[in-house]
Amino acid sequence: MNKVYKNAAEALEGVNSDMTFMLGGFGLCGIPENAISELVRRGIKGLTCISNNAGVDDFGLGLLLQKRQIKKMISSYVGENDEFERQMLSGELEVDLIPQGSLAERCRAGGAGIPAFFTPAGYGTEVSEGKEMRYFNGKPHILETALTADFAFVKAWKGDKYGNLIYKGTARNFNPVMAMAGKITVAEVEELVEPGVLDPYFIHTPGVFVQRIFQGTNYEKRIEQRTVRPKKDAK
Amino acid sequence: MNKVYKNAAEALEGVNSDMTFMLGGFGLCGIPENAISELVRRGIKGLTCISNNAGVDDFGLGLLLQKRQIKKMISSYVGENDEFERQMLSGELEVDLIPQGSLAERCRAGGAGIPAFFTPAGYGTEVSEGKEMRYFNGKPHILETALTADFAFVKAWKGDKYGNLIYKGTARNFNPVMAMAGKITVAEVEELVEPGVLDPYFIHTPGVFVQRIFQGTNYEKRIEQRTVRPKKDAK
Amino acid sequence: MLNKNQIAQRIAQELRDGWYVNLGIGIPTLVANYVPDDINVEFQSENGILGMGPFPYEGEEDADMINAGKQTVTLKPGASVFDSSTSFAMIRGQHIQLTVLGAMEVSQDGDIANWKIPGKMVKGMGGAMDLVASAENIIVAMMHTNRSGASKLLKACTLPITGVKCVSKVVTNLAVLEIKDGAFHLLERAPGVSVEEIKGSTEGALIVGGEIPEMQL
Amino acid sequence: MLNKNQIAQRIAQELRDGWYVNLGIGIPTLVANYVPDDINVEFQSENGILGMGPFPYEGEEDADMINAGKQTVTLKPGASVFDSSTSFAMIRGQHIQLTVLGAMEVSQDGDIANWKIPGKMVKGMGGAMDLVASAENIIVAMMHTNRSGASKLLKACTLPITGVKCVSKVVTNLAVLEIKDGAFHLLERAPGVSVEEIKGSTEGALIVGGEIPEMQL
């Protein structure tokens, strides 16, 4: 049951060009920084990446875009990345934009053995084109299908050797649903602990969803929009 | 945002005959004991109860069955209750038996605004009769619809005044999904605390799903199958 | 005529005690600054927060605690943090009482366009399509006209829409309008703005019933 | 001929290191007692446990910690507890490598009946239908014949089925059989049990290929 790998290079064994990956994170928060670096290092190409965002020009998935490693992005919002917009408008990059809630639910469905579900999101818009429509309780819904991936890369706060994970704050976001949906899920953690250290009643991602885990290094955790209040004398 | 009620009698204001209720719990573990007592006391009838099990003859939902307050049960397993079996075989009680995973997912769907989803569970069995069938990835699935309820009664370990809940051990079971699916969700807790006491990163049911909360009393927490090992000298 | 902060201030008057509220990026975010003292509302951020608090004090910002606009934020006591599927379960399941969004166009039927300008802006819809498809109470906060002076309150949206028949109210720099029965119903004028001026800036059907009061800010 | 514990013991030989396993009520539960020392498997209980441990010591039982059979249990280090929808996400999503179930009947096509006797037993299917519809590797543990001596390995199930074409292997008091291509393929005999005896107790199509070894327990 020991799923520990030494580092990103070892944990990503088997990744290849033309594969489909899921990458956790919202903006630059909770992204699998080590896995992304390793994907850049390996230089594999033709990737389909499922990720809520596409990073910024020089960080996160932007690093893979710079190197033209991504063939297709499946995301909900990519407004933070100029290179992305350029590649998309020029037709170099295929893009499938999906409502954020549908993206999350489609990943969960992929992990939960639910091949399709109805949602109201996107009805009457471009998103519903070509999709089955049906009324429930007098309201129109469209049929969305499950997403899965060859590899899911997730980033957690702490994890144990069995793959149990907990996340810090809003760095949780898409990580738990993507962990469920990866054929091989690789978790990188800030702190790798022994089984029994994490409270079993408060595990965010049970280890059954994680195939490989490694202790990440050199987390940059870049902040996109640093927004603060001036310090008061008396806090 | 203060959702605190004094006791079960006040928190159940508005319950009436012929309503549909969800009740959390698995077997007798994590059942809303106080809410059930109050339903018995009120003597309302013609109830439709959605609950994984039906209690035992003299505890849990068995108490409502004894008084013939339940018209219809929607459950996955009712093997622990002789009175249930008698009422069902004699036709006094309508029963809709649902695969346990479909029951959980249908409750979650009801709370999550997903009106229907496909699942492989039950294909080719009585459960699939009259339901739409469709192949995904070469495998047959049936369409299951969401469940909701006029009231959902859930039992948690600790809860705060905003309705945030955490559960102890396997007393979690159906409580979180039913909390999501109740039009009015009433949570009873062993310990009611101030907002800020529970760790925000480790809330099992966010308060948005809970409309009323009260401090429960006199929990019996009966064990159905007490199974132990003899104590060793050295543990 | 209202500035952006005043639009937010007017929208804050719509808040009710005990509501859970989702605020979009831009003007909607400012609404949080004007919550009346005597009520308690909780803000949801679709990346996974309920009970979002103010921005952190300088030096206390945490890269692992951001809102949907990617800004560093804090949590209020009684907050909770969850994953994206749970967040949208709240939204899609109609557990949020009010959604405030910006828009590029709104139609007299309540359609909204705020996610795409073909061939030009391709940022994506983020959570907006889920929000507008599910929310029962959607207020749009925007300028009444675009930079070239053209109305943003239209008979029909010209841009790709985000959702159909979903907007219940629009608060602009000129007016408060309710959308029903295929028309904008003028409820209030901004201070100093005439009904004629609002008529002139509204392309969609506009219903003016009797005397229209000025907003009270 | 095997007793119940020996059936469990034989099934335990099918376990592989690193597997997550769901054990049904009855004989399947006993499999946990025979896990080989040199491998590590984790048991899932569909009411919400991964990493289920042994029964508690007397006096240490906790009403809030039970398994799917409603028995008091403990957790192993590295265990996790979760809600019912997450539990069945694991099952439906095929994250569990082996499921062991009891049955009243199994057909040569791999259909299984284990939840209902019309007009008589109406306990319900519990999690069995989800398990059999999703699991890729299902072993049935049961007696080869019922109390009146009739075969439980049939051409077609006579009772309402729990799932279609899902059982991969059957381990009975008489034999180990694999199900494929519409037949039971005899793999092993119980100690002292002849092929003829197995043939006589199997109503469904039985393929006997060459010499059939005795089980090693």
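A, B, C and D are the chain letters, set down in written order, and residue numbers restart from 1 in every chain.
Everything that follows uses one rule, which is that a residue touches a chain if its C-beta (ideal position, glycine included) is under 8 Å from a C-beta of that chain, and two chains touch if they have at least 3 such contacts.
Predicted model only: the values in this text are computed from it and were never measured.
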Those chains which touch chain D and also touch chain C: A, B
Separation of chain A from chain B, taking each centre as the mean of its C-alpha atoms, in whole Å: 32
Chain A and chain C, separation of their C-alpha mean positions in angstrom: 28
Centre-of-Cα separation between chain C and chain B, whole angstrom: 36
Junction residues of chain B - those touching two or more other chains: 105, 108, 112-114, 119-120, 167-169, 172, 201
In chain D, residues with contacts to at least two other chains: 81-82, 85, 88, 91-92, 134
Chains touching one another, given as label pairs in label order: A-B, A-C, A-D, B-C, B-D
Complex interface listing, chain A residues touching chain D: 1-2, 108, 110-114, 160-162, 164, 180, 194-196, 200-201, 203, 206-209
For the chain B and chain A complex, residues of the former touching the latter: 105, 109, 112-120, 134, 136-137, 141, 145, 166-169, 172, 201-202
Touching residues (chain side chain D, partner chain B) in the complex: 45-49, 54-73, 81-85, 87-88, 91-92, 111, 116, 119, 122-130, 133-134, 160-164
Chain D-facing residues of chain B, complex: 26-30, 52, 75-80, 85, 88-89, 95, 97, 99-105, 107-108, 119-127, 157, 167-177, 204, 221-232, 235
In the complex with chain A, residue positions of chain D that touch it: 17-18, 20, 40-42, 44, 50-51, 75-82, 85-86, 88-96, 134
